Structures are given as C-alpha cells and as structure tokens.
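Report on the following structure.
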Amino acid sequence: MRSNGGTSSARIAWLVVVGLLAFMVAFAAGCGSDDDDEGDSGGEALTELGEGEGEVNLVAWAGYVEDGSTDPKVDWVTDFEQETGCKVNVKIGNTSDEMVQLMRTGQYDGVSASGDASGRLVEGGDVDPVNVDLIPNYEDVFDALKDQPYNTFDGANYGVPHGRGSNLLMYDPAEVKPAPTSWDVVFDRADEYSGQVTAYDNPIYIADAALYLREHDPELGITDPYELDQDQFDAAIELLKQQREHIGEYWSDYTKEIQAFANGDSSVGTTWQVIANLLNADGSKEKVLLPEEGATGWSDTWMLSSEAEHPNCMYMWMDHIISPEANAAVAEWFGEAPANEKSCALTADKEHCDIYHADDEAFFDQIEYWKTPVSDCGDDRGDVCKTYDEWVQGWNEVKG
Amino acid sequence: MRLSRGSQALLRISTGITLAFIYVPLLVIVVYAFSVSRTFEWPPPGFTFDWFDLAFDNTGARDAFVYSVKTGLLATAVALVLGTLASLAVARHRFFGRETVSFLVILPIALPGIVTGIALNSTFTQVLGIDLSLFTIVVAHATFCIVVVYNNVIARLRRLSGSFEEASADLGATPWQTFRLITLPNTRTALVAGALLAFALSFDEIIVTTFTVGAGDQTLPIWIFTNFSRPNQLPIVNAVAVIVILISIIPVYLAYRLTREESTAARGGAPVASGAVTAP
Amino acid sequence: MGRRLADLFHGRPRLQAGALLAGPVGWLVVGYLGSLAVLLVTSFWTLGELSGEIEQTFTLDNFRDVVENDVYRSVTGRTVLIAGLVTVTDALLAFPLAFYMAKIAGPRTRGLLLVAVLMPLWSAYLVKIFAWRGILSQEGVLNWALEPLGIEGPGYGLVAVWLVMSYIWLPYMVIPIYAGLERIPNTLLSASEDMGAKPTYTFRRVILPLALPAVIAGSIFTFSLTLGDFIAPTLVGSGEQFIGTVVRDNFTVDLPFAAAFATVPIVIMIVYLLVARRMGAFEHL
C-alpha cells in the first residue's frame, strides 16, 4: 500500500477537489434560482391582542428567563405559563452578535436585545414595532427608559424596556492606591497596573475608550461615543492598543471576571455592579465607582420578531416580564436596575433599587447606553461614521 | 524487552509524572466542588456538601444530562450502522476509490470542530431551511463518530480471515445471515468498543454542538457553558462535573472489562487491546 | 425475498461493495462534503452594508483579507505554532507512558493504566479548563505550590494556552501510540537484543521507526483539535486571538469572512492528512 502512496494521495486530493467543485456548482445553481425574500421591515403593529398560541420562543441573556431549572427558588416563568397557556422555550444568546444572528433565523418570537443589537435588528427588518397600548405594565416603566434611541426608531416603539445597568470601574483597594476617580487607571495610567488590567471583550468596548477621549482629548470633538468618524475612531483604537499591552485578560462572562478578581489576576477594570456584589459577599474587598468621565451602560429591550409565529404570546410575555413582580425578580437575580418603578417595593433586598440606582436619574444621566454604531453620525457630519462592522474589524486589530 | 534498571526507573518516573499531570486538575475539580468559596479561592476556606444538594435539585442540569445521553445514544446508533457498513466494504472488497473512503471517514474528525460546526450550521439553516433540533445535533455528532466505529471494526476485520464469510455465502446463507451468524459475533467487542468511544466523543463535544443544538435544548456541556454566564452557578457546575466523573466510571469500567476479555481471548502477539481502546 | 437478494449479490462483489457503501459514503459526501462546499460558496459572498445580511454577490475580498491582513496572518501563525507545540509536547509526554504500558507493565497494571488514561476523556472538557483557570490564576493552586520555592507560574497567556491544550488532548495521543507499540511483536525486540544491539540502538532503529506512524496518527488529533479550539484561548489566554476565536466571533457578524477564514484550517489539515497517510498513519488511527 505504501508503494503506491504517492499516486493514491494525488487521487484522493483530486477526488476531494472534484467532489467539492461539483457541489459548489450544484449549490450555486440552486441558489441562483431562489430569490431571497427580504424581511419586510416596519410591518404594522398589532392593534388587538388575540388568544395565546400555546408557546413562545425567546432569545435571551442567561438569567433573564428563569423557570426554576437553575434554582427552584428562581422562577418567573412557571406562573406565566400557567396563566397564559404559553409554554416558554428559551435559547440563551451569549453575545449581542449571536442574538442578532439567532433572530435572523426567523425561528424566534422575541429577544432581549441590548442597544448594540436593537439597531441592527430594526435595520435588518428582523423585528416589528410594538403597540405598547397592549402592554398594561408599560405605564409603570421609568419615563427615562421610554422612547430612547435604542428602543424607538422613527418614532415607533420597538419593544419594552427590561432593565438597565452600567459598566462601572472596579478595583482592588489593596493594589490600586490611591482610590481612582477616573478611567485613566485603565488607559493613560494602565502601565502602573500592567498585567492586572481587565476590559470587556467586545467591540462595543471601543465606546469606553471614546468616552474617555471625549473628556481627555477635546480636540477630537467626540460628542457621542457611538458616533465616531475616522479620526475619532482611530484615536480610540490607538488608545485601546496601548491598553492591550497592559491587559491581563479580557472578560466576557460573570464567572471569568469574578474568578479573576478573587484570585488576583485582575485588579482594575470595567465591571457590572452585580460582580462586585458577588465578590464582596464572598469576602473580597473590591470597590466600584462611577468615574468622573461617566460610563457606558446597557438598557435592554424585549423586541418582537417580524416573523413571530406566536405574536400574542410574545405580547403577553413582554407584559409579564415588566410586571412589578417578575421585573423585581429578574432584576435582583441578574443584578441590574429594574425597568418597572413598582418593582422597587417588591425586591427581597429592600436596598436593591438604591444599590443599582434604579430611580437615580442623575446617575443614569452620566451613562451612555449601548447602541448600534451606524454610518449616520446623527449630526452635520453626515454619513461618515464607522459602522458596527468596522467596529468589529477594529476590535480584531486591537486584540491582534 | 529487557531494560537496565536505570531506564526502567526513568520510565516509571516519567509515567508517574504524566499521570500526575493528568490527575491533578481532576483532583482540583473535586476539591472545588466541596469548597465553600464561590470564587475558586485557594486554598479553600472551608468545605461543604451544599453544592451537591443544589446540583441534585437542579432540574436544568438533569434535563441536560438526559438530553446528552439521548443525543449520544442516537448518534452512536447511526455511527455504528454507517461505520460498520463502510468497514465491511473496505475490508472485504476491492474497488476504485477504496483509499478515498478511509480518507472521507476520517475527514470530519480531522477537520477542526469549528469548521464542521459552521459548515453544518450554514447548510441546515440557510440551504435546507430546517430548524436546529435533536435531528441536526444527531446528524452532526454521528458524522464525526463514524470514524471511531470504522477504525475499530476495520482493525478487527483485517485480522479476521474473510474465508468464513465466503464459506457461509457459498453454503447458501443470505448476506444478512452471514453477517448475523459470522461477522457480528466475531466483531462484537470491536463494535462495543467503538460504540463506547463514539458515545464518549458525543457526550463531551461542545464546539460542533454549539452550532447545531436546537433552540431551548441543552446538552450537558452547553448547560455548563451557559451557567458560566449566570451569577453564582460555578460551584454547582463543579459539583455536577464530579457527579459526571463518578457516573463515567461505568462505561470506563466496561471498556476495561472488554480489553481484559479480549486479551484472554486473543492470547499472543495480536494487537489485543488496540481495538477496544483506539481513540478517534 | 431474502433469498432472491442473496442470489443477486452472490458472486457480484462490486454490487455488494456498492450496497455497503451507499449509506456511509452517501452520508459523508452529501452531508459532510456538501456542507463544506456550502461553506466554501458562502465565503465568496458579500455582507450587505446596511442590514449586515448576506448578499449573494461574488467577491474575493474575504480571501484577500485573510491573506493580506497582518492581523489574520499572525493569528494563523500563532495558532499553527501552538498546535505544533502542543503536538510535540503530547508526543513527548505520551511516548514513555505508552511504552511503559505496552512493553513493561504487567497485564493488570496495563489495564489500570488504560483506564486511567481513558477516564479524563469522560470528564467535562469545560470544567477541566475552568479547573486550569483556578490552577494558573495569580493566587491559585500552582503559585501556592510554587511559593515556597520562590518561583511563579506563567499566569494566563500563550504559555497557559499551550499547557492547557496539551493537557486536554493528551489522551488522544497516548492511545494510538500505545496501540501502535503493542503491535510490535516482543520477539522482534528480543531478536535485536540477541544480536547484540544495545537498548538505545534497538529503540532508535527498531521501535521508533515502527511506532512513528502511530505517533503521526495521534498527532492528527492533537494538531487539529488545537487548530480549531476557541474555548481554551478565551478562558486561559490573555486576549490573544486564534483561528477558532476569529471564526467564532465572525460567524455571527460576518459569515462570509468566517467561512473564508475557516478554509485556512481546512487546507492545513488536508495537507497534513495527505502527508500522514503517506507515512502510513491511517492504519494506526
């Protein structure tokens, strides 16, 4: 067998190539004929709620749709299923990008979209406007969360606010002295903590750099950290590349960051309030602050798929998840500020809303919520801003 | 082989070091599972059984385990049928492109999982337009499991003379009778060994699974992965991992028994245990 | 019916082979090669600028990016380097162990060692990586153990990725080598000895050449598994990108580019397989 090894290798390679080519031709021919039906964006919102369809398929962040299977005490789904007859199926999305991609399959009725996904979903025609009159609990949502650029497009509501939080600065007081007041500890002064700096592993983190530059490099004229033209974008990328040298590791989920801080691998970097709380509960001394430059943050929106097979159940779900009880439960479990004002009275920890600044608009005024970067700068610069696609490429370059 | 005392000792030591390298991390998992710290603190500040209670109460983990077993069994069944057919053809027949078959069978496992994953995902969702489900995940797993069955069975068939099968056919047995009465009994252990490995491969696979798992479905590795994104689930994940390690003693023990059975049966120079343990 | 079928097949080996192969080959060619072809076709498409959805317009831009962009070139280089290092490390660790199992240990020890090597294949891959996070972290197990010696572990980064991948894929190297060594008849080794060869000579001239195909068979797995992994680099790296992470990240935002980049490991592995096959490794998988 070895003697003819050469010729049969060649034959195998040849056969594989021919096979692949044959398939490509067949496949390409098949594709040419089938015209892609573009999603019809901006369909009409429902005007009347009908009967539930018996189930609803959701794409959500881990911890947003809990039915007791993670922890029997953590359950705001079973009630809903019993009351409405809509069985809830949930697919966990790990990143905003993944959520957008999942929604594009058309298999799901709704999604808990962060601001960096909502714009893309609307633009792609993947979600429909929502008639908030059909959602009684919408009334009790904090006004500051209504009609925002990440949930309302061309005057139409594209969903209901779920809750919000901010990307704060966390540090280990034993390592980082004196106590920081500015993001400079992770940017211009990152070299002092080289190897101990952490940052959120996502293209949207470019906005954190832009936010810092807005204060520290006024010449660039950054007004909105999500609307960056070429010069501003390059400056942010440059700053992040400098930071890269001092990064111990990037983080993307709770567990990784908690572990990194608890074991001294990271001492300073962006965080969510809940991570600090979990660390402190376990005896770690990490402190959290909102630096003087402000911070980025997220405000998530439950959106309705334009191809929803169960729109009525989805409307019922949207009403349920912002009901005072369910919203309080999810806000407390996930660790964020609830969207419903009345939830604050219902949390197990009575201080929850204070800790998360739920009704502290002065706090949230300093927060720039994630939104999808698009080419339209939203001002007289015109269509020269960097799109999300370019942010992704930029982030790839930062990580190198 | 007669080795000097020195070399023997050296071999023993390096074997010991490698085994330690394999087992220390597993030991660490066990320690974490009992630690009161929820953050991987070391050394553990104290010990507790609580995480195991919580893990047993965790219906999500249980459902995921059942789903993984179901997926593994179905994928193994498909791989058994396809792998056996392919090995019979290649071992017992000469035909044009015979070498290509083994190449083809190996390809799905030799190409990185991410390639297989996104290729199958694109085909399912964009070309065929079918929703991801148990079906898609079984198709994906079976595809890369065929090779372990194929390798085990073909190794056996090569050692086994084909003349019994020929005799059986000449005496008028149908192909099915020949297979059932001659081929099957002789390849039984190879089949079981292949099936065990195929199941193990499927059970712990996460990369291809990520791209082919259906909405709302969770295999155990996917459950573990999503629980890293939930607050405070880490100790429970460790406890579940320890439970799975304990459960896995059953199939590993089966494989062990099998190899012993084989060594006593085969006696002599033949590559006794290779059939039962050859990993993919 | 069965009888008639038997008559049909009897004495017609080609027909028999065809019937046997129809299922598996159909599955692999239509299902698997077909999917790869779909991926390849996708890599020539464009991403719509506004919607971010795939448009079926032919372009070579994705491949141009893969080849010309420094970032992706260094990602490829880094991944191949780590995959190579992991493979070599695993071969070095696995060979003595496999040799001990196959040629020195008694049947009982051998069985136990086999179980010991197979066992980790069953424990969750993700949990093992997280355990390594705990081991390698600043205040983790390794530094705790090394502290009295006054040295520090590598922390997270490329070294950690290399270490963890070597760990995870080690059994995939041990088992083929073990099986390969076991196939070498003991009589051959005795003959070499009887003719006066020293053990080192026997090892170099008899054992190594005979075991090499098995090592290469094992290397197919360690190399390819490292080449495509995206989880270990995310969890124990310090943000370095690998082929797996780039493909994974782009899969959700720019599928055509992800598909184009995925052809890199495909090409690498096909070449690798052809070389491995020539060296007789396929008999040892």
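In order of appearance the chains are A, B and C, and numbering begins at 1 in each one.
Definition applied: a contact is a pair of C-beta atoms (placed from the backbone, for glycine too) under 8 Å apart; a residue touches a chain by one contact, two chains touch by 3 or more.
Because the structure is predicted, anything quoted here is derived from the model rather than measured.
The touch graph of the protein chains shown is complete. For the pairs A-B and B-C, the count of C-beta pairs in contact is higher at B-C. Chain centres here are Cα means. That of subunit A falls 34 Å from that of subunit C.
Centroid to centroid, with C-alpha atoms defining each point, subunit A and subunit B lie 36 Å apart. Averaged Cα coordinates give subunit B a centre that lies 15 Å from the centre of subunit C. Within subunit B, the positions touching two or more other chains are listed as 40-42, 99, 103, 127, 225, 228, 234. Touching of two or more other chains is recorded for residues 12, 16, 27, 255-256, 259, 262-263 of subunit A. Among the residues of subunit C, those in touch with two or more other chains are 29, 33-34, 36, 38, 130, 133-134, 137, 139-140, 251, 277. Contact residues on subunit B toward subunit C in their complex (touch as defined above): 1-4, 7-8, 10-12, 14-15, 18-19, 21-26, 28-29, 32, 40-43, 81-83, 85-86, 88-89, 92-95, 99, 101-116, 118-123, 126-127, 139, 142-143, 146-147, 150-151, 169, 172-177, 200, 203-204, 206-207, 211, 220-221, 224-225, 228, 234, 237-238, 241, 244-245, 248-249, 251-253, 255-256, 259-260, 263, 269, 271-274, 277-280. Listed in rising order, the residues of subunit A touching subunit C in the complex are 1-2, 5-6, 9, 12-13, 16, 19-20, 23-24, 27-28, 31, 36, 95, 97-98, 100-101, 104, 120, 123-125, 195, 201, 244, 247-250, 252, 255-256, 259-260, 262-265, 375, 387-389, 392, 396-397, 399-400. Residue ranges of subunit A in contact with subunit B, taken from their complex: 8, 11-12, 15-16, 27, 30, 57, 61-63, 68-72, 89-92, 94, 102, 105, 107-108, 253-256, 258-259, 261-263, 274, 278-279, 282-284, 333-335. Within the complex formed with subunit A, the residues of subunit C that make contact are 29, 33-34, 36-38, 40-41, 47, 49-53, 56, 71, 74, 130, 133-134, 137-140, 155-156, 234-235, 237-241, 246, 249-254, 270, 274, 277-278, 280. Contact residues of subunit B toward subunit A in the complex are 37-42, 45, 54, 57-60, 63, 97, 99-100, 103, 125, 127, 131-132, 215-216, 225-234.
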